[in-house]
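The data blocks that follow each hold one structure.
Next, two complexes with chain A in common: one pairs it with chain B, the other with chain C.
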Partner chain A sequence: MITNRATCIKVRTNLVHYNLWSDVSLVEFEEETLHEKLMLLKGKNPKSEEENSNGYDYVLPVLKQTKLTLQDIDLIFQHLTEMEGYEVGKIVLGIMDFDGTVVYYNIHPGVQKPKNS
Partner chain B sequence: MSAKNSRETVSKFTKPLPIEVIQLPAVYPQNPISWLIAAISFVSQVITIRNKKIHVIFDEDDCSFKVTSKKDMDYLWDSGFYGKGSLSRSEPTWLLRAQKRILGVEEPKTTGEEIVRYRRQLRGEYKQERNKLLQLERQYKLENNEEKLKELESMRQKLSEQRDRISKAGPPPTPTQSTSEEPKKSRPEDEELIIDSRTLRNIEYLELTPCEVLFLVYMDAIEIDNSNNDNHPFTTIELLKYLVDMFGEVEPNNYLLIMYAVYFHYKSLGWCVKSDLKFSSDFVLYQRGPPFHHAAFAVTVLQNSSKEPFKNWTHFGSIYRVVSAVKKTMVLCYIDSPTQEEFSKVWDGLDKKDPEGLIKLLNLYTIQEMVYKRWTPSRTRM
Partner chain C sequence: MTDQSLGNVPVSPESNKQLSPISRHTSRLSSSPSPYPQLSSSSSDFSLPSGPSSSDDSSEASEDSVALQKDLETLGSATVVSQLPSLPSPRLIFEEPSGAIYDDALQGHDSDRLIPIPVIGNRALLFNIDHIKHLRVHHGIIGLLSGSLPLAPQQNTLLGLPLTLSIHEVLYLLYNGIGYLVDGGKAVSAFLEDLVDDDEMLDQLVALFTDDIAKQRSQRQKEYEQRLMRLGLADKITHSLDKTFFVETRDNDGHFGALRTHLDSYRASINAQKVLLSRLLRTATNAGLETIYQNFRVFNYLKLNFHHTLLPGVRFGGKFVSYPGDPLRYHSHLIVDTRDYYNEDIGMLDISNRGRLATGVKKLWLVCGQRRCKGVCLQKTNEQAHPEDSDGYRLVKELFESTGNNTHSSDVETVCFSIEWAGFG
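== the complex of A and B ==
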């Protein structure tokens, strides 16, 4: 099956050359309870409205059929906050389909006030 | 993509499959000239016909099927809308957009992505106006100002007209406003792509889904080298076995088999089938293809396997919310798979040189559809 790394590379290309993010780098960490090494992408979204987290957004690349529990997400938030030295308040799920389509969904730790749209 | 159903669009996409067919004029047995015309037509078509099959690269690192030559990408897209540009919404247009954005090259062609961006901008403006209206309304209500409240009616009318115009908006008036307004900052990521002031390195490729490659290999339209077999091209059955294995155990409810059975079902009924993660379904169905109409149906596949977790009504309700917001009909596609015994009988007898084995296997599955729609009692009562 498609490896984590390969998914990561594809999502990275999509972020940089389709969504025009800049300064995209890889954040990796080991987590015993999760079987694989976790990989996230960190970068600057030109359209980002949030002022905190130094202007960086964090993207977790996953495949369409990847299973992700709330506990997993919670662990990722903990690790990120620890590694980055500030409270990370949002991660973006980059879900990839078999034709290379990537769709993005925001995840916040807890209830978030909806944007007025 | 700008002018839907324009004569140009209709004449460009005449072929539903990337297969060349020789078409001969009518031959009348008693008229020797008609024989001659047919012979000339045959010879000239044989000479000009594209006789090389499209070569698809299988990238084992990320398990994807790629077409990199511009000519082949266009050919696959134009004849049946296969694949997806790796850096585009559907048709591979990244190079065109990047040339405009990075090099400032002027191109008369408007891409789908640019229209989408323009409409989003219009929608943003509409929402701002609507918020102003809501604020005024609240204010006047608090002041109990009946007169002013009535005046708002005309504003509301104008707004709804503004909203209706958005979905019909064609190409943006000036060469995309955002590029001209924003100060041009070059990104280091873009600099790496520049070969010279007029050329960019094309990093986009056309990516085919496993369902599409299996279908196109079966139709004998493409070939894919099998690195495990001295780079001999995959036969249909070899590719089937490889893909099934890639997606799990060999069993009737294998993810690829289920998805392919559904894909092939709609393909053979003449639909243009594309994958549909964006609207939380499995497939979308276009009557002819993306340039003509929007896809009116979103298909959610449901299997009879006990392995599949039960999906409750909240799950379907959530999908319906998304699908109905983009004005599609939600189709629940129930697929019944054979027993392991029935399945193994056909699977074990597959001959790698006989592509029809694939059809024998698919014939073990039955498919039934149902449309799911929300019913609101108060709105339906006459």
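== the complex of A and C ==
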């Protein structure tokens, strides 16, 4: 189990009210290889520097103890790209601890160059 | 002085004592191999008729030499000699410390122009400066300089030859048909055996090192005089022979032309290669073969597809750190780790730790795994156009296929994800 609705809602609250994201909506799809329903949040980061992907970022809300494999990430990228009709170049992983702390990490497919080097 | 200069040649203390030119008059070996430059019979290349082979692998020496012996019996000495007919007889000693004898090896890496990688004890150690340069410039293999004089601990921050290669680097060189393994201790012992038999050659060797010292001493004297002149103390100049100076050690095995004959004899023997590789694998790391395979695949992938240079990653808590070129010219871009693509949890805490650290030092954390290809794998997996022709490639392929894992190199591709802190939260 990668995502659940409760985590989704809490991370969404954090995004909207703490990080001031706009236009946040829920994206749900059934992943056949993993046999489970996945939920992602789609929204606009006001501080985002990138201007591609229509300004939308995708957040995968997970708990700290969630198990996540490379295959899971790979399949999510494939699914999103299929659904949206363009190459999704970034997933934001929102990791939540039991006290409500949420930390965010960018995941890019493939070998990237670091931004400021 | 000769002793010291030779001290860096890979011989065990005993055999050095026994065979070093200084003591040649007292220790002529009774069982003499065929004289230089005729190619010595192949069996004497590998197993010494008398004397210890190498001190640090004495326990394994016997079983290794048995295996080698067996291998050579099947090959037959005639085969070995007949495979090297086109080689010009190399000169024993080269005045210039160059890899001139190996210049052909520097032009590329077809099967006849491979770089010998000496295995001494359980390490792969390179003593030829030209090979080291070539590997660094053309193949991005950095290794680790690890030579030091035990009595001069201040040199420990600035090490010299030999260059130690990591297990991944050795596998890369074999897999991509750049090098082949050589039993360094035995090859050098065999070379020295040829040497003790030939007074003329020994005199050449001694003369070379003596001249060298005289040259360095006069250079040192000149510098000293110039310094005093500059200070206006020309009248204080003394001519003393016992002035201390730093001896440039002749530790580059490119000097020893005849060594090549012995190194070459290993190329044809795939069984000898197997024995040596297993010796390296046994102590290279505590990890199992499967882990080494995973890490090697990633190492190979980043080098071939992105021309990155990889060094061990402890600095940043990863398996490797990856540089977009020579580590002396660039900062590293990636901290690399591997996970099983299908089953292994990446770990949220690892993502948090490594992602935060990587971003803090202007890098990315790269997690890699091996995915089974859905169709034909398009990823570049080898430097060679026809890897199947290379002994080294087959050796490494066989090794990993024998582990029983079903992810053969041909039907998996490397998948990576770059992870960084998002900049908020």
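One rule holds in what follows: the second predicted complex is superposed on the first by the 112 of 117 C-alpha atoms of A that agree within 3 Å, B and C clash if a C-alpha of one lies under 4 Å from a C-alpha of the other, contacts with A are read in each partner's own complex, and residues count from 1 in each chain.
Note that in this section a residue touches a chain if its C-beta (ideal position, glycine included) is under 8 Å from a C-beta of that chain, and two chains touch if they have at least 3 such contacts.
Every value quoted in this text rests on a predicted model; they were computed, and no experiment measured them.
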First (chain B), second (chain C), both or neither touched by A:I9: first
Which superposed partner A:H17 touches (first chain B, second chain C, both, neither): first
Partner chain(s) touched by A:G100 [first = chain B, second = chain C, both, neither]: first
Touched partner set for A:Q65, first chain B, second chain C, both or neither: both
Contact breadth on chain A, by residue count: chain C or chain B: C
Chain A residues contacted in one complex by chain B, in the other by chain C: 14, 18, 64-65, 95, 103, 116-117
Complex contact set, residues of chain C against chain A: 302, 305-306, 324, 331, 333-334, 339-346, 348-349, 351-352, 355, 358, 362-364, 366-369, 371, 415-425
Complex interface listing, chain A residues touching chain C: 14, 18-19, 45, 47, 62-71, 73-74, 92-95, 102-117
Complex contacts: residues of chain B adjacent to chain A: 61-64, 83-84, 86-88, 94, 98, 127, 131, 187-189, 203, 207-210, 212, 246-247, 255, 274-275, 277-278
Chain B partner contacts - residues on chain A that touch it in the complex: 1-3, 6-7, 9-10, 13-14, 16-18, 20, 22, 64-65, 95, 97-101, 103, 116-117
